[in-house]
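Dropping the structures in below, format is structure tokens.
You will see chain A twice below: alongside chain B first, and alongside chain C after that.
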Partner chain A sequence: MMSVLPYLVAVWIFLTGCYGIVTSRNLIHAVGCLAVCQSATYVLLLAVGYRDGGTAPVFSDVEPGSRPVVDPVVQALALTDVVVGATVTALLLALVIQVSKRHGTVDPDELSELRG
Partner chain B sequence: MTRRVRRWVLAVGGAGLAALLVAACPALPPFGGATHPYGDRVVHESLARQTANTIASVNFDQRAFDTLGELGILFASVIGTVVLLRQTRDERRAAPEPAAVSLPVRRYALIVLPVALLTGLYVVAHGQLSPGGGFQGGVVAATALHLLYLGADYRALENVRPIGLYEVGDALAASGYLVTGFAGLLGGTAFLANTLLPYGTFNTLASGGTVPLLNAAIGMEVACAVVVLLARFLDQAVEIEKESGS
Partner chain C sequence: MNHLLPLLVAAPLLGAALLVAGGRRLPRAVAEPVGCVVSAGTAALAIVLLLNSSPPLVEWVGGWAPKDGESVGIVLVGDGPGLGMAALASLLTLAALVYSWRYFDEPPRRHAGSFPALMLLFQTGMCGFAVAGDLFDAFVFFELMSVVAYALTGHRVEEAKAVQGALTFGVVNSLGAYAMLLGIALLYARTGELAMVKIGRGLDAHGGPDALTLAAFVLVLTGLLVKAAAVPFHFWLPDAHAVAPTPVCMLLSGVLVEMGAYGVWRVYGTVFDGPGGIPAADVERALVVLGVLTGLVGAVMCWYQRHIKRLLAYSTVAHMGLFVIGIGSLTPEADDGTALYILGHAGVKAALFACTGILLDRYGSVDEHALYGRARSLRGVAVLFVLGALGLAGLPPFGTGLGKAVTEEAVGGPLSVVFVVVSAVTAGAVLRVAAHVFLGAGPEPRDVSAYETTGIREEPETRHRLSRVPDTMTVVPALLLAGSLAVGAVPGVARLVGHAVSEAGSGGAFTSPHWTPAGVLLGLLSTVLALGLAALAVSRPEPFGEQPWTEPLRRLQSGHIGDYVAWTLAGATLLGALALPGILS
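So, the complex of A and B:
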């Protein structure tokens, strides 16, 4: 059980975020839920790279070879993930500001009609 | 689609997705296992190139081309935000009013500001040695400037933050990354290959070949990008307002 628990946690976080997006009544809330979905990928990546008893793969104060280290590839991927997530969130929030200005609402249910 | 129908679609789809994902979990490598073939190779290569922080080695040496793509995403999203949050014809710019700041907040913000700025620059400079790097340090340095908004007011922030300069800095940093890549090409090897500079002594500031250069370019790019992004959002919140009567 312990060998799959972190993966199940990632699945649970992802589905929670999806539920939030679908039932959202506020676009800012929906953007927040998308960030929750994305944090599931951090958990998944770091869980894949973990090694029992491992420490950070940084050798400024650890003698190389003296201790096991966790997988640096997924850590770098998680960093990329965080950066892309932050930029996407910024862009989406900018879109929400424009939607709010043009339509006077941020409830996705009230944004169904097209307007020129 | 009514909310009720939508919830049913979500329940069916979500249950299916949950079942598939849970069924996939046991097929993943067991958590905490000892086999990490890519990780072992990356650590070996990183040590061979005298880079103490293996993650910096992955980002700015072994996967430097992917980081160029990431840089492109960041750059594009800044451009997108600047375009989306521009001042439109029916809006005007109101001069921000000075606001009273309580003394403890002002004192604390102004004491922490230089410390935070220096910490950000330290994290960027030591990216190839210790945890951190251009992405993290850039964000710290950029947010440090905004303590001025908390400690003083918006006009003080605007005085130390000529936004045009940061836009130019953003572009310069992105091209600095590209130029370092092309230097590798002219040096007779490949684009962004870390073979141009000597690898130096392990665990010193100048180690890792081109890693510190690319790291510094990313640090500048991220700091400028965050400043420009926050400036656009703050402009919307503080300065730009709808023209009355339109």
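So, the complex of A and C:
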């Protein structure tokens, strides 16, 4: 059960974020929810690389091979993912600022310029 | 030769960095030529590599070559289709940069380098995605090209529509990319590999497909199909393409969404096509169903648009449906046909957007009704626009016609009817626009629908309305149309494309796509149908105007981010349901 839990948590976080965007009444909130969806990828990546009894894959004070370490590859992936996420969130928030200036609202229900 | 592969990514990236760093001091007359030179150099490199891509080039970046078959390095694969997409992306970037030579007379104040730098970054992302040999790398480049595309879409930050469209584009596509990353993590969990070929082998070694394989398949394909704008993942595309600056539209419609289709082909062909992947029958069912839906929805919505850019965007959606059908039928001939179709379509669609940009900058409008009869004096542009529309219909010997004919023959039967109908309706809509705008034919169109996006009062993208059209803005669409024509008319091109695609595809059987009498007749049939539809729509507007049954379909395109995300989730569920039988048996 405990081994499945992190995966279920990842799915839960992803769907929570999606629910947040779908029902959002504020674009800043929607961009925040998108970041929540992304957190699911961090949880999943770290869960994939976890080993029982493993420590951080830093060999400055641990003799290589002396004790198990968690998978460093997924940690590198998660780091890259963080960078990607920061870029996306920053750009989208900048666009929200412009939406607020040009439309005078950040409520997605009130944006009606593009439809049909 | 394979050591040159990383340069495809490094060269435009370096160019972009230089332009950003020096952009404040550089005058516009220096920044833009630098952008063009770097872009052209990369295009030349892609073409040279493409001509040497048999057998496929493989490069382990930084010399991290595998030891005993194991590697943690990053692998780039330069085979025909990958380098072909990189070359197409580079050539279109160059075309867009040349087209925008006299464009954006007011770039961001005191920073002339920002637009060409963004275009070069866009090129970097697309080239990187095209040659990425490992899935995580593909994801990173996928995100890079997406983020730059959001920024370029919202480049005119003073425009209300532009920022809204860019935001929608950003949220929906990023969500898709995160779904893709979840799928990649699941594949890594199962196989411990990131290189696509090795993931495929790992899945096969594990045995038959199970729930995890299906989940990974659905998640990865969701990300790629969002980019490929397959129904019901497509809602972002019309909103983004209608508002992006015209040179950016040329790239978005010409090659960015096609990258999604290329990704589906690449990922299925290298990761999921073995005995441990998803069975072919289920992938075929899923992709063909989504493709047919996409084609029909795109064609109907295209017909009822009056905003010309939005109309062209829906025609891109409709054609993406045809490409997805072609890829989904999983035969080598259909792959060849789709590759040719994508090449031909890129030239035609970019040329049509370029002509629309001229209308926008000349008349300050991209609305079919508002422009009625106003562009009578632009004879040259009218000829290009009509040629583009005929190319869209698949008139022989355009590349679109050859691609359509080869794919139709490969998919056969009822599906080829979808090809004829979709190309005829979308081309008919474009021809109707041409008749209204350039000829002032028929009665003046009246406004009937309350629920639609008009193209009135759009800001021209140049500082002043153009009094005469600069040569660059007419030469570029002419060259793009000539390129599209060459794909179909020069016999060697089709043979090269066929050879490259079959060498990289899993089939291994060499095919040589060529014109057949049936293909020529079907192309002519689509063209005649398109001309007929346009003539009827112009002469008798009533029966071809707004219909009550299209109202629900139009209401779905609500411009609301929440709705689009809900549809994305529904689409992922549909994809899973369509592929589910594969893991039950």
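Everything below uses one rule, namely that the second predicted complex is superposed on the first by the 113 of 116 C-alpha atoms of A that agree within 3 Å, B and C clash if a C-alpha of one lies under 4 Å from a C-alpha of the other, contacts with A are read in each partner's own complex, and residues count from 1 in each chain.
The criterion applied here is as follows: a residue touches a chain if its C-beta (ideal position, glycine included) is under 8 Å from a C-beta of that chain, and two chains touch if they have at least 3 such contacts.
Every value quoted in this text rests on a predicted model; they were computed, and no experiment measured them.
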item: Partner chain in contact with A:L5 - chain B first, chain C second, else both or neither; value: first
item: Partner chain(s) touched by A:T80 [first = chain B, second = chain C, both, neither]; value: both
item: Chain B versus chain C as contact partner of A:R51, first or second or both or neither; value: first
item: First (chain B), second (chain C), both or neither touched by A:P108; value: second
item: Partner chain in contact with A:V36 - chain B first, chain C second, else both or neither; value: neither
item: Which of chain B and chain C A:I28 touches, first, second, both or neither; value: neither
item: Touched partner set for A:S60, first chain B, second chain C, both or neither; value: first
item: Chain B and chain C contact sites that coincide on chain A, given as residue numbers; value: 14, 18, 22-23, 48, 73-74, 80, 84, 87-88, 91, 95, 98, 109
item: Contacting residues of chain C [partner chain A, same complex]; value: 72, 136, 140, 143, 147, 150-151, 154, 157-161, 163-168, 170-171, 174-175, 178-179, 181-182, 185-186, 188-189, 194, 238-239, 242-243, 449, 451-453, 554-555, 557-563, 565-566, 569
item: Touch list for chain B against partner chain A, complex; value: 3, 6-7, 10, 14, 17-18, 21-22, 25-26, 28-34, 36, 38-39, 42-43, 46-47, 52-55, 57-59, 63, 66-67, 70, 73-74, 77-78, 80-81, 84-85, 129-131, 133, 135, 202-203, 222, 229, 232-233, 236, 242
item: Chain A residues touching chain B - in the complex, by the definition given at the top; value: 2-8, 11, 14-15, 18-19, 22-23, 47-52, 56-61, 64, 68-76, 79-80, 82-84, 87-88, 90-91, 93-95, 97-98, 101, 109
item: Chain A residues within the chain C interface of the complex; value: 10, 14, 18, 21-24, 27, 30-31, 34, 37-38, 40-41, 44-45, 48, 73-74, 77, 80-81, 84, 87-88, 91-92, 95-96, 98-99, 102-103, 108-109, 111-116
